[in-house]
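Each structure below is given as structure tokens.
Paired with subunit B in one complex and with subunit C in the other, subunit A is shared by the two complexes that follow.
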Partner chain A sequence: MRALVGSRLFWFGAVVLVAAAVLPLWVSGYVLGLLTVAYYTAVFAMSWDLLFGFAGEVNFGPTFLIGLGAYTAGILDSQFSPDLSIWWCILAGAAAAVVGGVVLALPALRVSGPYFGLTTLVAVLMLQNFIVVFADLTGGEIGLPVPDVITIDAKLNYLIAFGFMLVAGGILFGLSRSAIGLILQASGQDAVQAGALGFNVSKHKLFAFAVSAFFSGLSGALMVFYLGTASVGTFVDIGVGVQVIIAAVLGGRRTVLGAAIGAVFLIVMGEGLRPLGELATLIVSVTALLVILFFPNGFLGMIRGGSRA
Partner chain B sequence: MNDAPMLEVSGLTKRFGGLVAVKDLEFEIRPGEILGLIGPNGSGKSTVMKMIMGVVRPSSGSIKLDGVELAGLPAHKIARRGVGLVFQHSRPLNRQTVLENIKVALLPDSLLALFADRGVDGQARAIAERVGLGHLLDRKPPTLAFADLRRLELAKAVARHPKLVLVDEPFAGLTASEVGQFSTLIKEFRDDGRAVLLVDHNVKSVSALVDRVLALYLGERIAEGSAADVMQDETVRRVYLGGALTGSTRSRQFAADSAPVLTVETVSVLYGKAQALQGVSLYVHEGEFVSLVGLNGAGKTTLFNAICGLVPYSGAIRWGGTALDGRSPASIARGGIVQCPETRELFGDMSVRENLELGGDHLDTAERLERLDWLYDLFPILKGRQAQNARTLSGGEQQMLAIARALMMKPKLLILDEPTLGLAPVILETLSKALERLRRDSPITILLGEQNVTFALPHADRVYVLDHARIAWEGPPGRFEAEAAQHYL
Partner chain C sequence: MIFWQILVDGFAISALYALGATGFTLIFGVSGVLNLSHGAIMVAAAVAAWAATGLLHAGPYVGALAGIVVGVLLAFATYALTVRPIQRSRRIAEAEKEIFILTATLLWGIIIQEAIAYLFTNNAKTVLPIVEGVVTVLGVRTPRNEYFTAVICWAAIGLLWLFVNRTRSGKAVLAASMNPRGVTLLGFELSTIYLVVWGIYGLLAGSAGVLLGMFLGVSSYSVGPLTASAFSIVVLGGLGSVSGSLIAAYVVGYLETATAYLVSPEYRTIPALLLLVAVMYLRPQGLFGRR
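The block that comes next holds the complex of A and B.
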């Protein structure tokens, strides 16, 4: 029975993915652009879920990692273009996010409970301040225009984002289902027992943080070269982080894939309701709140729970 | 049996701030030997176990396993050197099956091994078979019975073939037949040549299994030897049963022939799958002092929480003739039943005075001041500490404040849950005198839950013994040692 449900979900997912892959043949550049941003956001949310859903650590500052990746890539390009290929800039962005993430997590993982979350929150504020203060380098509050983009072809941009989401999602999902994912989950649920079973809990959590940082930073850097600009409001603001968190919880905690569904839903719904103006944000927030209150396991939980009953 | 000890502990000490939880402890366990480490609540036995596992870092002393120093290492390194711990409670992976939960324990601590070895599956099945989970491999932990969850803990602990197995309260919450099955499993550890440390509250529960018993009290060894010897030991008997057990003479009569003010009728409470109370009945008269004695985990706190409306129960609880069922905890408290909980629940960042005033919030000013004066007279030390934050008080002073705050509410029935927990004997004396005065000078009714019999018996008009979720004995304090001691040692 469970296998059937599993396979039905699987086939449903496969159909959706194939449809998404051939979408550029059918829809306008406007829709493609919207989905491109949604796919990058999906990677943010999946990376966050690896940390929260599996390692059990609430990272209130996903935008610290995203912002590090985005701004490192953007600054390098604006300083060294055209001598430096944007692909090097993107890789450097991912690397900066990993380094920054590990530097943050090393001391932060020593403190327990809500303090880890608070540390990550402070990190976001620090990064935001840094960007504003060093405006010469970072573009400050106005934003940092980058001289290069990956391509101006909307279809190609869409396919790059889509492909990247598939690869990142595949790796993160595979990791969550691997032996390491199990150990992470055990550490997240009962760190004392995981230690008594011989697992170095800090090592595994640090690894999860590094992986999460890598994909967040990489996605942030790619998105900079899609948008052609880096700004605090898009990459660093606490509000952006909250949206990533809501996306992951909305889609279904501890599922990785649910986070992607949640992200696409949030971005598309937010845009679809844009004609309503300020009301749009309210409607999206209320919807998210209702889902979280009544279906704490998110969209994937709803589908699974429904099929089982 | 090999004669060289496998585990050698010496000079082991743990201080938490000013509190010495374990003091200069020394003991050994040989391969193929089962040592029972017993002591009442707060005696430091759990701290000893956690220090051996590396969950808590010793303040000083040495812990050697086969000659290798373990003290100060983190838990995962100690685990790899051959120590395993069977937890009393843990949080299993609820979305994975029993088999997968056992497999987790078999995984290497490596970031490179993405997938488990092929052998892991077979090993996990063999372990499950051994602990009696063979027929439940595909079930998920939330659907398991309580005893099967304990089996899962056992399975995880043995997965890494520890040389030394630590077991925390091996039989807590198990039925008699399950106790038998678990005993057999633990004996198999001994037959395999492993060293086993069983940690429990009293000798009785582990006496059939252990080769030797070490008794702790307030962090120090008070006796060591065979289970029978330790049970006969003078110091142990005094710690568990109290010294000269004389009930005090009543200076005030309560109406023993009138209808009881509180009646508890066949009350049962389930915590998930664990039976915390089973058909408990008792009654308390107005003005009576009733002591409910029982070891940690016997169900005392659960019963008090049921009376106060904090946990759902089956059965009936009546207060002054009307059923309390369905009333909110706040309404029950306003009705005159006030609990002073084991955990004290003081407002740590508020001063002593503020804590007391909150307790007397519903009184008018004159009455509140009068009440305060009376309490400062009862606990003079609190008067001197009025402006001090509750958090900075010593354990004994905190307990006095907790009792005083409860009394500010002018309860008709005061429920005291383990007031002596973790307190030094000298403080007990002060508390004891205060209770005696309270009983003499005011018409209050008191229900006291204690595992410290020395403290619980002298004041009591009547005593109940709670053992494994049931009332095991009821009678006057004078008959306790002769009739009820066997439930207790």
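The block that comes next holds the complex of A and C.
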């Protein structure tokens, strides 16, 4: 039965992916730009789902990791522009995010539930405050323009984002279906029992934080060099984090792939409703609330028929 | 001089924080719900008071009443539309209800915020104060409204204390926060108690919102910071401990005011955040928490 459902979903997914890969041949640069942002957001949401859906850690601050990656890469590039290749900046951004992820993981090993959620929220607020206070270095509230971009070709940017999403999604999905994913899930549901079965809960959780932080930071850094600017409003603000969380829950928790679907849906729907102005966010929020209340398993749950809780 | 200034300003702002956080902690203590639409409800109450006085030309008392009524209605709506459906849902696993309630109330808060922005724009709004004028006490010129705010906040908190400790339904609420199952065994309907608690919450959040609108003014941008500050005060004091959050409100209020006066308004929130991080690492249950 599982194979049947799996295969139907698999073929459906394969068709969508092939269509997405050949999309640059037909559509305009505007649509490609929109989807590029959507793909980077999808990586944010998938990384978040690894932490929440599997490790059971309520991380309200995905933008702490994203912002660390984005700003580290952006600041390095703006300080040492022609000498330092942007790829080193991007790697440094991902590394900074991993360090941030480990720092964030330390309280998570001690406190749980709402307490940990608040720690992550505070981490975001601190980062935001520091960016504003050290405005000379970070550009403050206006934002930090970076001198280099990956490329100005919309098609190439689209394909880079798409390829990155595929690789990141593949690794995260593979990880979630591996033994490590199962152990994480067990630790998330009952850390004491998982420990009693002989699994090193702390080690696995630390690993989950590091992986989640790596992809969040990498995606944030790549997005900086796509947009050509880093600003609090696009990378750090709590509203951005909320959008990542909504995307993951909307698509279906504990699926990793659902998070990507949710992110693309949210970005495209938000853009499609833009002519309505203020009402756009309202409609998106109402839709998300209805899905959460009536289809708690998200889009993937709907496709599967919602048989499994 | 600046010492008295900090003392007076800090007292008023802390009283306001205390009133806002009390409702938030009450809901958590009784039903285990962290209501992330808290800031949105406060702002909605303030905007309702502003609209009643500014657009409909009602008096300040009627305006304040309108704000509090909106606060109560929104509190009931939060419970009926987001919290209760999730608590009763069979398709959501018990262990996951917490994150669902957090996400749903967060979304509900965004919905309220966007509705306010759509109907009344994003501009900052200041509610017509009930008392006007300036008094000089201890050499500090302070708007009368600041003293009024502090007095009303403490009166409201005092009334809450009387209700919880001296009335029958209040005692039932207190008991439900200690042991919900025990209360049902004594013949109290738990859903009635929840309704009472959400009603009280609406009164507290509504009046805090209206007072905030008179004191500092609100806009739909204040929604997030308001929720975050209530959340951090409540965690600092210990989740579910009302006296803890009152003390924490004063700690945070004075830290912020002192930083704003002595260092720079830019750094206003940083010391309180650092303190919060320190508490999370060293004493995760908060200063007066039960767990």
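Simple rule for what comes next: the second predicted complex is superposed on the first by the 302 of 309 C-alpha atoms of A that agree within 3 Å, B and C clash if a C-alpha of one lies under 4 Å from a C-alpha of the other, contacts with A are read in each partner's own complex, and residues count from 1 in each chain.
In this section, contacts are C-beta pairs under 8 Å (C-beta built on N, C-alpha and C of every residue); 3 or more make two chains touch, one makes a residue touch a chain.
All values reported here derive from a predicted model rather than from experimental measurement.
J.: Taking subunit A as the common reference for superposition, should the pair subunit B and subunit C be classed as clashing or as fitting?
T.: clash
J.: Which holds for A:Val27: it touches subunit B only (first), subunit C only (second), both, or neither?
T.: Neither partner.
J.: Applying the touch criterion given at the start, work out whether A:Gln189 contacts subunit B, subunit C, both or neither, answering first, second, both or neither.
T.: Both: A:Gln189 reaches subunit B and subunit C.
J.: Determine, under the contact definition given at the top, whether A:Ile180 touches first (subunit B), second (subunit C), both, or neither.
T.: A:Ile180 sits against subunit B, while subunit C stays out of touch.
J.: Taking the superposition on A as described, I'd like to know which of subunit B and subunit C A:His204 touches: first, second, both or neither.
T.: In the superposition, A:His204 touches subunit B alone.
J.: Scan A:Leu9 for contacts with subunit B and subunit C and give back first, second, both or neither.
T.: After superposing on A, A:Leu9 lies clear of both subunit B and subunit C.
J.: Can A:Leu91 be said to touch subunit B (first), subunit C (second), both, or neither?
T.: neither
J.: With both structures superposed, pick whichever of subunit B and subunit C touches the larger number of subunit A residues.
T.: Touching more of subunit A: C.
J.: In the overlaid three-chain picture, which partner chain does A:Leu137 touch, first (subunit B) or second (subunit C), both, or neither?
T.: After superposition on chain A, A:Leu137 lies in contact with neither partner.
J.: Would you find which stretch of subunit C runs into subunit B in the superposed arrangement, from 181-189, 199-207, 217-225 or 271-279?
T.: Of the candidate stretches of subunit C, subunit B runs into 181-189.
J.: Which subunit A residues are contacted by subunit C in one complex and by subunit B in the other?
T.: 189
J.: Going by the contact rule set out above, which residues of subunit A touch subunit C in the complex?
T.: Interface residues on the subunit A side: 52, 58, 106-107, 110-111, 113-115, 117-119, 121-122, 125-126, 129, 132-133, 189, 238-239, 242, 245-246, 249, 253, 277-279, 281-282, 285-286, 288-289, 292-293, 296-297, 306, 309.
J.: Would you tell me which residues of subunit B are touching subunit A in their complex?
T.: Counting only subunit B, the residues touching subunit A are 53-55, 74-76, 79-80, 84-85, 87, 90-93, 95-96, 100, 103-105, 107-109, 111, 113-116, 156-157, 159-160.
J.: Which residues, counting only subunit A, touch subunit B once they are in their complex?
T.: Where subunit A meets subunit B, its residues are 174-175, 178-180, 182-183, 185-186, 189-190, 192-201, 203-204, 207, 254.
J.: Which of the residues in subunit C end up touching subunit A in this complex?
T.: Counting only subunit C, the residues touching subunit A are 34, 82, 85-86, 89, 91-93, 95-96, 98-100, 102-104, 106-108, 110-111, 114-115, 117-118, 224, 228, 231-232, 235, 239, 266-267, 269-270, 273-274, 276-277, 280-281, 284-285.
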